[in-house]
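As structure tokens, the structure follows; a few thoughts come after it.
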Amino acid sequence: MKTIGIGLIGTGFMGKCHALAYGAVKAVFGDVPAPRLEVLCEVPSEKAAEYAGRFGFARSTSDWRDLIADPAVDIVCITTPNKMHKEMALAALAAGKHVHLEKPMALTIEDARQMAAAAAGARGRTITGYNYLHNPAITHARRLIDAGAIGRVVQFRGVIDEDYQADPELPWSWRAMREQAGLGALGDIGCHLVSIANALVGPVESLVAEMQTVHETRPVEGGGRKPVENEDIASALLTFRNGVKGLITASRSAWGRKSYIAFEVHGTEGMIRYDQERMNELHLYQNRGEVAEQGFKTILTGPAHPPYGEFVPAPGHQLGFNDLKVIEVHEFLRAIVEGREAKPNFTDALHFEEVIHAVARSAETGERVVVGLR
Amino acid sequence: MKTIGIGLIGTGFMGKCHALAYGAVKAVFGDVPAPRLEVLCEVPSEKAAEYAGRFGFARSTSDWRDLIADPAVDIVCITTPNKMHKEMALAALAAGKHVHLEKPMALTIEDARQMAAAAAGARGRTITGYNYLHNPAITHARRLIDAGAIGRVVQFRGVIDEDYQADPELPWSWRAMREQAGLGALGDIGCHLVSIANALVGPVESLVAEMQTVHETRPVEGGGRKPVENEDIASALLTFRNGVKGLITASRSAWGRKSYIAFEVHGTEGMIRYDQERMNELHLYQNRGEVAEQGFKTILTGPAHPPYGEFVPAPGHQLGFNDLKVIEVHEFLRAIVEGREAKPNFTDALHFEEVIHAVARSAETGERVVVGLR
Amino acid sequence: MKTIGIGLIGTGFMGKCHALAYGAVKAVFGDVPAPRLEVLCEVPSEKAAEYAGRFGFARSTSDWRDLIADPAVDIVCITTPNKMHKEMALAALAAGKHVHLEKPMALTIEDARQMAAAAAGARGRTITGYNYLHNPAITHARRLIDAGAIGRVVQFRGVIDEDYQADPELPWSWRAMREQAGLGALGDIGCHLVSIANALVGPVESLVAEMQTVHETRPVEGGGRKPVENEDIASALLTFRNGVKGLITASRSAWGRKSYIAFEVHGTEGMIRYDQERMNELHLYQNRGEVAEQGFKTILTGPAHPPYGEFVPAPGHQLGFNDLKVIEVHEFLRAIVEGREAKPNFTDALHFEEVIHAVARSAETGERVVVGLR
Amino acid sequence: MKTIGIGLIGTGFMGKCHALAYGAVKAVFGDVPAPRLEVLCEVPSEKAAEYAGRFGFARSTSDWRDLIADPAVDIVCITTPNKMHKEMALAALAAGKHVHLEKPMALTIEDARQMAAAAAGARGRTITGYNYLHNPAITHARRLIDAGAIGRVVQFRGVIDEDYQADPELPWSWRAMREQAGLGALGDIGCHLVSIANALVGPVESLVAEMQTVHETRPVEGGGRKPVENEDIASALLTFRNGVKGLITASRSAWGRKSYIAFEVHGTEGMIRYDQERMNELHLYQNRGEVAEQGFKTILTGPAHPPYGEFVPAPGHQLGFNDLKVIEVHEFLRAIVEGREAKPNFTDALHFEEVIHAVARSAETGERVVVGLR
């Protein structure tokens, strides 16, 4: 199996996460080409050089176009602020590269559509950074549902909460601007919840929604306050294409919640529950056996839940947030090797974008919105 | 303090609960008139006599009009099937009695309005059986919110689930008929959730909603199946009168949920969480002190949360479901002694009915519904 | 079924609990003689009269010997401070009464033995106040073990904690005196844990133990400090008669613990866990079925766990602390009606006393102690 | 900062964990020399070569003496079966190398003493694989205790359970032999618990203990059964040198427990609780503020708990088992750079060995054993 060259744009939260994942994937899984860490892009160039040394990249640059043009780079990883995603992704696809893009795809649904269209016609493969989907617990939930463990699915409920914008006195930043950040809670975290709902129940047909901005202004350095232009909280009642109903809510101002992604899938014979803050547990209730012995089971993930065992051969020892990115990278490398589409690629992710933008539109118009209509 | 005479109609789930509560309230609290258990009504009369002996009532009857007419009866407790509530309550009020009515008030919103109007002009006081409101944990949540412990309230989320209608092969019954049962999950349990939302956040202004019937038909004894006419699941996005947003969902077909009433109140400085299946716990997060020491606190109720201490002087020893009814009875007796309205009386409860019927209307029309409009 | 007359000595924590339980038992269960609340004893006589009115007793007295002598009294309930147990119990037995005695039996093991001997030769039946044993969750744990649900039992672990003596500045009281209180944490709460271990695994053969006094002195009103003469914490390694090993620990100075009685029973095919602070839950792990679906089940008690259903017909609605005493009273009344010994009677309870006194002796001598040796 | 050469012996559970950790540490932390993965040792040589490619090592060998002799190797990582630890560690120390040794140190206490003595006189530094110590949650527990957050420590309780030897029909293996495996549960997992007790409370002075072999024989391939020579369960009552009391228990046959390392530290002003199966949470109770608001806080680890933030800048996103080894490697590399001893080195680890061997001796003799006496 030959090696594969990696170019990484960005060294922040997700940039580091990518660097670690591409560095570890071969040791963890074995069955993939060994990634060569070729080029790291950051500004200014001194920082790029420093982080290239730290992350183990062979070269560095402060010009992302150079990185894309580098013939040794096969995969372009884009972990920059959202507003730069579109231009970089289109350029990388045009150059025939594989693209590993962090979520959300873009600031607007129009941009996301353009990117998905470009990917559909491109030589390179794409994958988007919906890392939670790769959690063995969630994969197992999907497997249980498919196997009929809870009967016919009847309702999906999902919550995604963090508190990084809960403090009223947090200074105003680019996050508050539609033009810089696009949507608020929906774009930052809501799309993750949609990706999970989609994996477990399927695509969303239509919805009605509401949004709130909890803190209408934020203090500006030097005095005064500026308005917050996007939502802190959004909620929606969903109808999935298969007729299942759902409700979701997302908040970036939920004190105490650090990485709370909780869902329930209700079925005619049981229920599955999950909470990302305890990401190595899955809860299962089945209406089987003696009533006196029925209850929610707390299943600790382990080697029985692939690919957990690639990381640790002992159950209950726990994977962490960064491990999920390793599984995502594995999926991408396997897709490239096998000549198939990765999950979720730009086409898959476009649906998640369509749902969150439909939530925003319904909240603004007060009307039911059919997802994907233009 | 003089005694007070009790007449109880019904000996089922709630009838027994009333009998126990009126029997215990004087010993628990001390500061109320001692209830005299005067008349028990049940059919047939043999069963009435048997239960009168068991529950400690002095007399029994199979005619509820006799019970209401009995001069020794000061309070009429109505724990019969919902469709009989209206006639009994109106008769008791007309006879000048105090009325302790189990929820929901009636099958239709028109009936509930008529009952509330009657109560408003009556000599007797009223109370409705929203027992969960009297849980010291929920009372404490209210106190914390009022004291600003979580800042300004920004979102309410509530879930109420049971699984008594989750089994697809459960036989068809009166519960499935609009004419006999009225609403489904909303009337049985949804109104409890509304009562709690109202206590913690205030009245609801408007909403959009959806409903589902999970099991569209149920088997009939002797063969064949009959249609289920009311909802198994209902969900709504709420706007409270004070501008707070909320979302609620209720299911009577949620496998694994036995008495799940879970809510979250999100504020600008913290969050309160609660789950009725652990009814002696309250969860509080506050954005105070060192970040490294912040977390949700699990508060076990105790004497610091009145009136817990009237039952047990030691914290964490736990109240049970039947104890909540004792607190409700105490509230009623104190209101009568003090010559004030009890909480929640028919007027209060009418709002809960208006909300659940608005949920049903919105789900049927697909439109936003303003609560309380006729 | 004829009625049965009750005399209650004491109106404190446990006195009130007895009054409520004897008042409720007929309504809850039906299948027992209706208790007549005949005489309440308290000092001074004004308080006795007041509480008789409140608790519903027909008469009151400030002389417990009068209560015992009263021909209308069939059962004598003793809920007074521990040091008075022996004299009262012996007198009641001598008078031919049934005796319902709160735990622990007495201050010394010699006194407990004398009481058990008296009970063995008496006409009246006895029961001791080990209320936790009657929790449907614990009864179900016993049933599961007997049915082999976890295979052969191999280890018992138990913890009982409260924090009523955790505050270093809590004033010195009679609780600190050997002569007034006897043992410390062992007598107050440790014996409860022993009663549960005995119910689930069987009697204890021998043990090695340690004790600690966390706060060696306590402040006395008016200034100065006096020594604490008994233990705050005790721990032991147990060998049960059937060869199973165990370890237990008890603390009355464990901050945060309010009514924590947690045990684990390890078996060759599974494990049972329980925590009294969530007294309506039982946790069960079984090594059955797919490994990927194994986990601890959280079983919420309900009608499938008798006699829960006598209190509430719906599962998960929860019993409270005071309800356990009602079940205990039911056991006593049924035993009297059926002419059999109640569980746990003085003989049963003597074993629990022998274990806690063996813990104290081992801690003092540093040697292994065989339980029950004189 | 110059680079540092790594030689790794072993490619199993812990071998892979070491490879990943040395591969990631520079990217995660930055402030260490970049590790060069020089030589991987495994047998046979084909497997060594394969894993060298997968793990990213430059060379491979099937002779561990070659690895130690390799001048490019600065640190020798030993992850082989326990019985080989002594010979390899002594050889590496004699060659002037730094030694990173997995626990336990050796099969016998005599061997461990010899190794600690060799390390004390060696040029190279040592560290032992007590990875749980490096969990930010446990580090924070230590910090809280040192800062007096729970007052004076009065009791330590610890449990360590897994179920890898719970199945009675699991075939007999080397794990069952004293000569091959040394101690049972104590050596495999008990020593981890001791390392944590030591970090939080200090060294152990003396103890009394018991042991059990749950499954006395195990089936041998081809028929028949062979005896299990070491313990499945061990328990002890501890007296720490500072006078604090403790109790610990370890089981390798505890069904349902996958990586359960639970401890409680009781103090005069609060309590700290922890459970490794939820390794990103710490529970803290403090007797401060309003009684009505006191409760155990569930603290989710985050950047406020160093070095969590080096892995993920967002709280609650969670570290995994393999991340702990990265922190351990960081400690070792920093110690080497700073010319100081790493924690825990061979001298520190010898105490953990002395405690578990004292447990075994006390269990065998039935006597109290003073730890460290020869």
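Read from first to last, the chains carry the letters A, B, C and D; within each, the first residue is number 1.
Just so it is clear, contacts are C-beta pairs under 8 Å (C-beta built on N, C-alpha and C of every residue); 3 or more make two chains touch, one makes a residue touch a chain.
The chain list, named the UniProt way, goes like this: A, B, C, D = Gfo/Idh/MocA family oxidoreductase.
Just so we're clear, the structure is a prediction, and the values are computed from it rather than from any experiment.
The chain pair with the larger count of C-beta pairs in contact, out of A-C and B-C, is B-C.
Counting the residue numbers used at the interface between chain A and chain D, over half appear in both copies, so the two copies meet with largely the same residues.
Separation between the centroids of chain C and chain D, computed from CA atoms only, is 41 Å. The mean-CA centres of chain B and chain C are about 34 angstrom from one another, to the nearest whole unit.
Each chain gets one centre point, the mean of its Cα atoms, and the points for chain A and chain C are 54 Å apart. Across the assembly, chain D contributes 257, 294-296, 300, 302 as residues in contact with two or more other chains.
Contacts from chain B toward chain D in the complex involve residues 140, 144, 149, 284, 290-300, 302, 304-305. In the complex of the two chains, the chain B residues touching chain C come out as 13, 16-17, 19-20, 23-24, 26-28, 30, 34, 53-56, 162, 164, 257-260, 277-280, 300, 302, 311-323. Every residue of chain C that touches chain D in the complex is listed here, in rising order: 150, 154-155, 157, 159, 166-168, 208-210, 212, 214-215, 233, 235-237, 239, 245, 247, 249, 251, 253-257, 266-271, 285-287, 294-296, 366, 368.
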